[in-house]
Amino acid sequence: MAITLGELAVRYGLELSGDPGLTIEGIAPLTTATPGTLAFCSNAKYRRLLGSTRATAVVLAREMLPDCPVAALISPHPYAAYARIAAGMHPHPAVVGGFAVGASIAPGASVAASAWVGPNAVIGAGAVIGERCFIGPNSVIEEGARLGDDCRLQANVTICHDVTVGARCVFKPGCVVGGDGFGFAPAPDGFVKVPHLGGARLGNDVEAGSNTTIDRGTIEDTVIDDGVKLDNLVQVGHNCRIGAHTMIAGCVGISGSTIIGRRCMIGGAVGIVGHLEIGDDVVVTGFSMVTHSLPGPGTYSSGMPAIQAIDWRRTVARLRRLDALERRLARLERGGDAAGQEADE
Amino acid sequence: MAITLGELAVRYGLELSGDPGLTIEGIAPLTTATPGTLAFCSNAKYRRLLGSTRATAVVLAREMLPDCPVAALISPHPYAAYARIAAGMHPHPAVVGGFAVGASIAPGASVAASAWVGPNAVIGAGAVIGERCFIGPNSVIEEGARLGDDCRLQANVTICHDVTVGARCVFKPGCVVGGDGFGFAPAPDGFVKVPHLGGARLGNDVEAGSNTTIDRGTIEDTVIDDGVKLDNLVQVGHNCRIGAHTMIAGCVGISGSTIIGRRCMIGGAVGIVGHLEIGDDVVVTGFSMVTHSLPGPGTYSSGMPAIQAIDWRRTVARLRRLDALERRLARLERGGDAAGQEADE
Amino acid sequence: MAITLGELAVRYGLELSGDPGLTIEGIAPLTTATPGTLAFCSNAKYRRLLGSTRATAVVLAREMLPDCPVAALISPHPYAAYARIAAGMHPHPAVVGGFAVGASIAPGASVAASAWVGPNAVIGAGAVIGERCFIGPNSVIEEGARLGDDCRLQANVTICHDVTVGARCVFKPGCVVGGDGFGFAPAPDGFVKVPHLGGARLGNDVEAGSNTTIDRGTIEDTVIDDGVKLDNLVQVGHNCRIGAHTMIAGCVGISGSTIIGRRCMIGGAVGIVGHLEIGDDVVVTGFSMVTHSLPGPGTYSSGMPAIQAIDWRRTVARLRRLDALERRLARLERGGDAAGQEADE
């Protein structure tokens, strides 16, 4: 599919620097682009690569234009502009309605005629599948679950019983929505399993990454609002509520009953304990442990950057000696001297 | 299903404050409860919500009774009491024996007539499935694996070859029991894969969360004792042994050959290195890294709570300067003064 | 299968201490070995167990020989030697070509006659499956993916569209290769999904653990070179490149576009931020957070070992007071005294 720079500029509302008649036939990285391709540069780190690109044009922000030796499509949000152009040039094939051989649809399930149920996918009784949904191979939708229109379950996905999902949600392979949470009540004779009578309720345009897990609620629903994006291997505990357009990076664990606001950005491998409230527009940087409620907006951290192991071991040892350091300082403040050092130092 | 408070008090051995003839028809959260429902309050954090509840009755501890405006079922373990009542009112439907269309049962597998094998589940040769087991859709039980009675594999679960599982175990979607561990022996010409000749042996009443992984042993079995509960996305390395009734929260990683005692509580996202021994009744708080064997009982930590990012960056910088701080202090102790500060400060 | 010590010594190039005519019939751990079995001892931690072993022979390093009361096969790499012997005595059964009932092979897929496609496995259009591959039950290979010879997908594995995999790769249950990465471009009206036009390209002898996820690239491929081993629950972000023979332990998360060198050892639960370059032969110890590019060779750390919780809480409190400590020290250096202590101390 070929398109001119002029058409791209008009269609996506971009400013063009260069010949509008130049033709783009594909997308390529800056460094390996060949004539006929469109590249992008949105990260200052890669600005130095602009000069040698062989792309026909580059999507970029105005401040990078001086470094660009070829045509340019200029946007204040060049990565988003690139993403829209690339998606337009490489659309998902339209979903063709029907059932594959080996798909198992329980009596009483309602599957839109425009939806596709792939090989060996399983749909439980009373489940409702919206228009143009793609239920990928070996996925399981348990009884009573409801998917809105245009959802995409790639493969080996599990949507548990009575979960409700909005429109245009994406579930990558292996993700699980609505499994029972980790609920055990201590009793004198051991732990008693807490029944999970709640469900999980996802808004529109939610995306859940590969092997990510979202637990159902104990009494109320776990709620994931519109536009929330979860990366791979994320764990969302029972009864959590995550506000609209919050982004959660890979390997994050969120314990039960925590409420996270809107438009938050949770970095990779963050851990958040249960029963907290995180405000709107909170950023938590990677590898932090959140142990208290955090008002928003704000940025919070506790990740420790790696250094050379030998220096780190010394830092840990010094940290262990901070107590002694404080005592030595206090003694000096009281007028003591080195002779007064304690035996344990 | 309706039941009176009087019947609940008798059946579950609870003290009743209020009219024994009041009828309960369902379970609800404190805040959204309506007449006819039973709520519970076990966390002091939510005590303030008691006053406005519209529930017919609340399960609670005696010390919360003064704040409760409605009938109450009183227990020293209110969450456990609630869990038992809720499970009684919402029982799992009984498993109906049989095979779904698309289930694949290898010749030589032995499946109890009372067990259910769901759509597209696969049972390998020589596997043994106990009475009333529920083998959910698209689950795989490899050859020679043995499940005790009343086990529940929800969906997309994998139980690998020759794994043995006790009675009443629960496996949430996507969990994997008995995959080969991460065993590679260094040699001059690269790494040699270590064969995993051991298995994995689970006791009774074990629960493994969604997408949790438990590796098989290299020579001996990996052993998970009775009543161990693993949350989602937990990794248990090869040859580990986990003692009875230990609870392990989400995103925990346990390296190979580590032995964990009984009744331990391992918090979320904890990492435990290999070849350690953790005693009975050890608590490890969330986000800690365990690098040495820990005697029990005891509570251990190394998780760093997140603070405002600007303050955290300063803390990290100061930590890097601890060495200089110590040297400055030592100089003062020796009678030096500010003029003697070193160039690097 | 029985074999003499003499044959083992010759076949694996080991030095023998003891009677070459002794016969080995199986493998066993040092502590529970019985006559007729071979054990090994490669970890100094377990040397004390040698004296009481009842094994017929032990594979060990020369320096342990004095402690060994039975015959010994001596190697400078005893664990590797053991692994080779054990694999020889317990070979995987040869793959028998064919399709199981319920396997779904799309028209246009090319499956070698010597490959096995297990029950309910799904092969997409245009996929190519090499000689003697084992495609385990309920695994999914999407359209256009290509597997080299002798690959083993255990069960419930997902290989996404157009991924290419070399020879002899191993995929444990639940792992996902080539899912879309976490790519969203900020725009004034929300986030725009970035299309993932790249693929994932794996070399030979790669092993990916249970429920591990490897994302495909946005424009270029994610690349995993020959001999890379990934443990369970590892996340590899889009566009990453991992050099040959690098080992990555469980629960590691690697953000997008990071490049890792050859022969690196990444410890458990490490987090690596995106767009970094890690050199060859870098070791990152467990639980570290890597925030900057790291030259190789070298060893880097930031994991904090757990201590008793009460001591750890004090350490955290002192860390919060480091600022005040520095100011007190500076005051003393200027000739101040205790009377000058600030109010906030």
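The chains carry the letters A, B and C, assigned in the order they are written, with residues numbered from 1 in each.
Here, a contact is a pair of C-beta atoms (placed from the backbone, for glycine too) under 8 Å apart; a residue touches a chain by one contact, two chains touch by 3 or more.
Quantities reported herein were computed from a predicted structural model and do not represent experimental measurements.
Although subunit A and subunit B share one sequence, what matters here is the overlap of their interface residues, and that overlap falls short of half of the numbers used. Remark: rotation between subunit A and subunit C after Cα superposition is 120° (nearest 5).
Computed centre separation for the pair subunit A/subunit B is 24 angstrom, with centres defined by C-alpha atoms.
Among the residues of subunit A, those in touch with two or more other chains are 102, 120, 138, 156, 174, 211, 233, 251, 269, 304-305, 319, 322, 325, 329, 332.
Residues 102, 104, 120, 122, 124, 138-140, 142, 156, 158, 160, 174, 176, 179-180, 182-188, 190-195, 197, 211, 213, 215, 219-220, 233, 235, 237, 251, 253, 255, 269, 271, 273, 275, 283-285, 288-292, 294, 298-302, 304-305, 307, 314-315, 318-319, 321-322, 325, 328-329, 332, 337-338, 341 of subunit B are the ones touching subunit C in the complex.
Contact residues on subunit B toward subunit A in their complex (touch as defined above): 27-29, 32, 42-43, 45, 77, 79-80, 82-84, 86-87, 90, 100-102, 118-120, 136-138, 154-156, 170, 172-174, 207, 209-211, 227, 229, 231-233, 245, 247, 249-251, 268-269, 286-287, 303-310, 312-313, 316, 319-320, 322-323, 325-326, 329, 332-335.
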